[in-house]
Structures are given as structure tokens and as C-alpha cells.
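As written, the chain order gives the labels A, B and C, with residue 1 at the start of each chain.
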Amino acid sequence: MPNFTAFVILLAVILYFWTGFRVGQARGKFKISAPATTGSPDFERVFRVQMNMLEWMPIFLPAIWLAAIYVSDIGAALLGLVWIAGRVLYMRGYSAAAEKRETGFFMQAIAAGLLWLAALVGVLVSMLHP
Amino acid sequence: MPNFTAFVILLAVILYFWTGFRVGQARGKFKISAPATTGSPDFERVFRVQMNMLEWMPIFLPAIWLAAIYVSDIGAALLGLVWIAGRVLYMRGYSAAAEKRETGFFMQAIAAGLLWLAALVGVLVSMLHP
Amino acid sequence: MPNFTAFVILLAVILYFWTGFRVGQARGKFKISAPATTGSPDFERVFRVQMNMLEWMPIFLPAIWLAAIYVSDIGAALLGLVWIAGRVLYMRGYSAAAEKRETGFFMQAIAAGLLWLAALVGVLVSMLHP
């Protein structure tokens, strides 16, 4: 089993949970009651941090798992840590101002792209040399 | 293969599909045409039921699968059933009024948290005693 | 390992990434700055294409993976290609007009439903004849 990657996935899941927890806090702070998700740009940026991480989970999770299975557990886990670091930067930047989200965004996008590429190469090699 | 957990995952997926189906029905009932997702609090609560379950799927799915693989298929499946029951309560409560969503929410949050914790312990034990 | 299905999952992930990339482009074209996600129906339809694919990923990914493991790698991969074709039709239709999204929607819904059903039958057979 790809133990290191499983551990990194659980770290990513808890960070993602945290982005949702912050939305609950921001609801109180900026007085945005459920079910509304708009009404204050400060609230909306915190909400979009969670939503953007949600949007990337169906890219990150299949890519890291297939990269771990087909190529390298430790390699996938290390790229997963870079992805998590990019998500933390994105969270901190975007919570402050919309234009400060870019560094973290590109960092996590590159890490996810490399995981996807590694998985693709691994799968193709397995298909050609079963 | 973790058969019981696979079965419970398929149950969770069909419940999640159902929360989306209800959004389509609510579009007709409350006259909210696509692509709009706002305009009526009654519609927005039904929409938020689906969105909230979507938000929790990237927590639930990796946690239950890793808990099943690393710890116990039947244990993970039983916690998965508690999670599903919490999601049903949340759906019924939130559809009626925003403040009635809390019991189901905490029930599913605790079940998902226990699955995540079980997976973490299982992965750490595997890393330390390969 | 279910190589063909892993390959199709990676195709689905890149198409999904593309639906998000188009949202970034549409932000510029229709002058909708982050964190806003409303303000122009033309932007909102492009945004909803991404969101709808995001909504279906937690149905598609578990269903295709379990169908591949429990029933047939090639069968799951072929249904996965139909799903992807339905998503492409949906993207092209919805980007033009809200009512043009229906053909692609039903195509992908039927493919995802068959994957779910195949997975369910496969899991039940495994539970009854271990």
C-alpha cells in the first residue's frame, strides 16, 4: 500500500476541512446567515478559498493516488506536500485580498499537474508493458 | 476487497445523487431557471443541501476508503452508515428551515471525523511496522 | 490494476480541469472579477459547466473505479468514454444557451448510472460469493 501518499492525502483532507470551518467562522464575523453565500466581499473570499480547494480535490485525489500506485509512493507524497503548501499560501493570500491568491494558486497547480503527468506516464507504461 | 465499505459508498453516492435531483425539482417549484442559483431562500436551502454534501464528499470518500483498507471493512462500513443517516437528517432539517440542519450536521461530522482518525491511526501503524 | 479505467479517469480529470480554465477566461471576457461568481448570464453558464462537472465527479469517480475493480476494466473504461463525451456535449451546449445542455446531460447521467449499477451488482455478487 502507498503509505506515505495515504498519509499526505489525510493531511490534505484535514486542511480542506479547515477551509470549510473558516467559512462557518466568517458567517458569524461578517453576519452572512445560511443559506446565503454572498453579501460581503470579505466573506466571499473566505468562501471561495473553500470552494476552490473543493474544485481541485477531484484533480488532486485521483492524480496523487494513481501516481502513487503506478509510479512512486514517496515521489507522489512529496509532490502532495508541495500541493498542500500551495493551498496554504493560497488560503492566506486570498483571505487578505483577491490578487494575493496567485502565487499559491500556481504552486498547487504545478504540483497537481506533475502528479497528473506522472500518473499518465505510469498508466501508459503499464498498458504497453503489462 | 472491502466489500461492505464499497456497498456503503455506493449508498452514499445514490443519496448524493438524490440531493442533486431535488435541486432540479426545486428549480421548477420555486421558478429559479438555470444558471441562477439564488432568488428564493426556499430554493437556496435545497441547493445548499446538495452543495454541503458535495463539500463533504472529498472528506468522506478518502477517509472511509483508507479506514476500510488500513483498519476494518465492517467498522468503516458501519461508521459510513452513521454518516449517511446524518446526511439524511441534515437534508430533511435544512429543507424545512436553516436552523434545523444542525443535528444532522454534527452527526455526519462526527462519523466523518472518526473515519479520518481511524484511517490516520491505520496508516501510521503501517508506516511504523511495515 | 485496471489500466484502461485509470487512463479514462485521467482523461476525465483533464477535461474537468479545462472546464475550470474556461471560467478563468470567462472572468476576463465578461469582466467578472474574483470572488464574484454572478453578474452576467454568459459568465454564469460557463461557471455552471464547471460546477456541474464538479457535482458529478463524486458520482463518476467512485462508480467507475468500483465497476472496474469488481466487474470489468474495459467495460468501465468504455462507459467512462461515453460519460466524457456527454460532458463535452454538455459543455458546448450550455456555453451557448441554458436549454442546449440537456442532450449531453442525459448522456452523461445514463453512463454514470450504468457505472453505478454495474458496481452495485459486482459488489453484491462479491458479498454473496466471497
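Heads up, the rule we're going with is that a contact is a pair of C-beta atoms (placed from the backbone, for glycine too) under 8 Å apart; a residue touches a chain by one contact, two chains touch by 3 or more.
Predicted, not measured: the structure shown is a model, and the values here were computed from it.
Because contacts link each chain to all the remaining chains, their graph is best described as complete. Chain A maps onto chain C through a rotation of 120 degrees [Cα fit, steps of 5, range 0 to 180]. Comparing the contact residues of chain A and chain B by number shows a mostly separate set, under half of all numbers used being common to the two copies. Computed centre separation for the pair chain A/chain B is 19 angstrom, with centres defined by C-alpha atoms.
Looking at chain A, one finds that residues 38, 54, 58, 61 touch two or more other chains. Residues of chain B touching chain C in their complex: 1, 3-4, 6-7, 9-10, 13-14, 16-17, 20, 33-36, 38, 50, 54, 57-58, 61. On the side of chain A, the complex with chain C involves touching residues 38, 41, 44-45, 47-48, 54-55, 58-59, 61-63, 66, 69-70, 94, 98, 101, 116, 119-120, 123-124, 126-127, 130.
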